[in-house]
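Across the two complexes that follow, chain A remains constant while its partner is chain B and subsequently chain C.
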Partner chain A sequence: MLEQVLIQYLPLLILLVVTFFTGRIIERRHYKSILKWEEEFSRLRHTSIGRRVNGGAGVTESRLVCGEAVVSVEFFRWFVGLLHSMFGGAMREYESSLDRARREAILRMKQSAAGASAIVNVRIEHTPISYGMSRFSGVEAIAWGTAVYKDTEI
Partner chain B sequence: MTGEYGQKHNPNVTPGSPLLGAFKVLLGAAIVAVALYFSIGIAVDYVVPVLPDRAVNWAARKVTWVRVPETARDLDAERSVQQLADRLMEANPGSPEISVLVVKRNMVNAFAFPDGTVMIFKGLLDQMKSENELAFILGHEMAHVKNRDALRRLGRTFVFGLITDAAGLGSENVFDNPAALSELAFSRTQESRADREGMDYAHSLYGHVGGCDQFFVDMTHEKDDPAWSNYFRSHPLADDRIQDLADHAESMGYQTGEVFPLILPGPEDQTI
Partner chain C sequence: MYISNVESIPGKRVVKHHGMVTGSTVRARFFLVDFGQWVKGIFGGELRGYSKLISDTRQQALDRMTAQAKELGANAVVNVRFSTSTVSLGSSELYAYGTAVEVADA
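So, the complex of A and B:
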């Protein structure tokens, strides 16, 4: 009887253990890269404010910049999240994906605004990526704003 | 913006070890599942005996209780055993309708499912010496169906299946593996009652109860045979049952009589 149960649930168990570790490793590496790039782009500021600064004086160019990132939720987090969603409570499992997707999207937006003085009017949107009724697999974040190019610093 | 927080101390992520959090949720789910499982089991025990026939029939047909591939079945033996079952049903008006499934396995056991499917292993058929003996076994399983013993036992699985279905987890309550049938072990009282009623059924067919206890008599000599181990796990002791059957025959005034030899088609080596 125990044998039967083991055979039936062994694949699930293996999947849970393996994806737990892959998820942890990928998360750690992603945060490392996020922190590095945030440092790199720290001089290019972004703001959600869209009003004119200094009457728009000195602006030579402004254009739309956009950054997108899709971060997946590994099987382990999905499985635990499924149970969480039944019983209630903070879905800790999905929070890190959301955080990483948002920050990655902002970084990619900044990457596409090379040479800009600032990015104003920044907006961020999220979309869950899922298939089927219950299989949530990740989150997509889109960040966009207006890159402002100036002769002098704002 | 400078990088301020990473994997740790991230204000946007609930603090705490993810593994511990997962463990807590899994533990909670396990506790809820176990509690649900047992409370449903108890509820089913109380509800099933008082349900109207219509509800029982509905529940019995709602689920595919057992699925055996055709290659694992002995269709020839199945036909002849079904014929005997049909005769038994004819002799006992009002008895439940059963359909026989003979599985090519060297295991000495038989199971009754709520929908009237009676699963008999080839190992058991090989032990049968007379038709009367087999008729008694069929009668015994028929009594289990009539008494809703199987539904009582499997009702928990059934209701649990409905819940997991509703929760979107999805599960199929099909016994694909005969070894998983230990769910079907009945209580001592249920077995004794089925014994007595099985004897009644056999008596209606033959007019006597000769050969009915033959199976249990054989059984007392075969305790160490591995093919029987599964049987002993799910059934009470043979000696007591022989005595119970004798007592029942005496109280009902049943006589013994001539037994018919059992002739089943097919070569012997079909058992796997």
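So, the complex of A and C:
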């Protein structure tokens, strides 16, 4: 009896164990690359304020820049989240994916604004995505702002 | 065509308003890509196939918006906003809207 139950749920168990490790490894690598890029782009500031540059003197060029990223929630975290949502409380397991998607989107936005002195009026929007099976399986984040080029440092 | 998401084009002066212009599009990827992304999603990490989808969707929505602005005779679109949603599984909808204006050197 116990054996039968074990065999029946073995694929689920294997999937949980495997995705636990793959999720952790991928997360760590992603954060490593995010931190590296953030360091690289730390000179290019971005702000959610837009009014300050209105009329801006010395602005030679300005254009819209965007960045987007889709980050998935691996099976393990999704499963834990499913149980968690029944009992309530802070769902920490989804926060990592959200955070990574947002930061990656901002970094890609900065990447497309090479040479700019600042990015102003940055807005971020995200949508949960679901595909394959109808469940929450990831998050897409899109960040956009106005890259401002000045001949003098702000 | 100048595009910005602040209320004017920095360093320029708005001389005429042409009203709101919009561009929206719904796109999806080839079903084999969907399957690949689904498998990738189980193990976690970034879904590059879908990042590209959103990038393409955004570009097309912006193109449609600027085409509309050109038709009105504007040379800039200000205060651009995006709104995204998932219309159906594996597809992405993006709506771009802004105000078409005519700008001149300040």
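The rule is short, and it goes like this: the second predicted complex is superposed on the first by the 146 of 154 C-alpha atoms of A that agree within 3 Å, B and C clash if a C-alpha of one lies under 4 Å from a C-alpha of the other, contacts with A are read in each partner's own complex, and residues count from 1 in each chain.
Here is the rule we use: contacts are C-beta pairs under 8 Å (C-beta built on N, C-alpha and C of every residue); 3 or more make two chains touch, one makes a residue touch a chain.
Note that this is a predicted model, so its numbers are computed, not measured.
With the two structures aligned on chain A, chain B fits next to chain C without clashing.
Seen from the C-alpha centre of chain A, the directions to the centres of chain B and chain C diverge by 110°, a value given as a multiple of 10 for the model superposed on chain A.
Residue by residue along chain A, chain B and chain C are tallied for touches, and C comes out ahead. In the superposition on chain A, A:P128 makes contact with chain C only, not with chain B. Of the two partner chains, chain C is the only one touched by A:I142; chain B is not.
In the superposed pair of complexes, A:P11 makes contact with neither chain B nor chain C.
Looking at the shared chain after the overlay, A:E74 reaches chain C, while chain B stays out of its contact range. Once the two complexes are overlaid on the shared chain, A:G115 sits clear of chain B and of chain C alike. Using the contact criterion defined above for the overlaid structures, shared-chain residue A:E93 touches chain B, although it does not reach chain C. Residue contacts after overlaying the shared chain place A:I26 against chain C, while chain B stays out of touching range. Touch criterion met: A:T60 reaches chain C, while chain B stays clear of it. For the pair chain B and chain C, the minimum alpha-carbon spacing after aligning on chain A is 14 Å. Put simply, chain A uses residues 27, 77, 134 to touch chain B in one complex and chain C in the other. Taken in their complex, chain A has these residues touching chain B: 1, 4, 20, 24, 27-28, 31-32, 34-39, 41-42, 45-46, 76-77, 80, 83-84, 86-87, 90, 92-93, 95-96, 98-99, 133-134.
Against chain A, in their complex, chain B makes its touches with residues 1-4, 6-7, 10, 12-14, 16, 18-19, 21-22, 25-26, 28-29, 32, 167-168, 177, 179-180, 182. Note for the complex: chain A touches chain C at residues 15, 18-19, 22-23, 26-27, 30, 50-51, 53-60, 62-64, 66, 68-75, 77, 100, 104, 120-121, 123, 125-132, 134, 137-138, 140, 142, 144-146, 148. Across the interface of their complex, chain A is touched by residues 2-11, 34-35, 37-38, 40-48, 50-51, 53-55, 58, 62, 80-86, 89-90, 92, 94, 106 of chain C.
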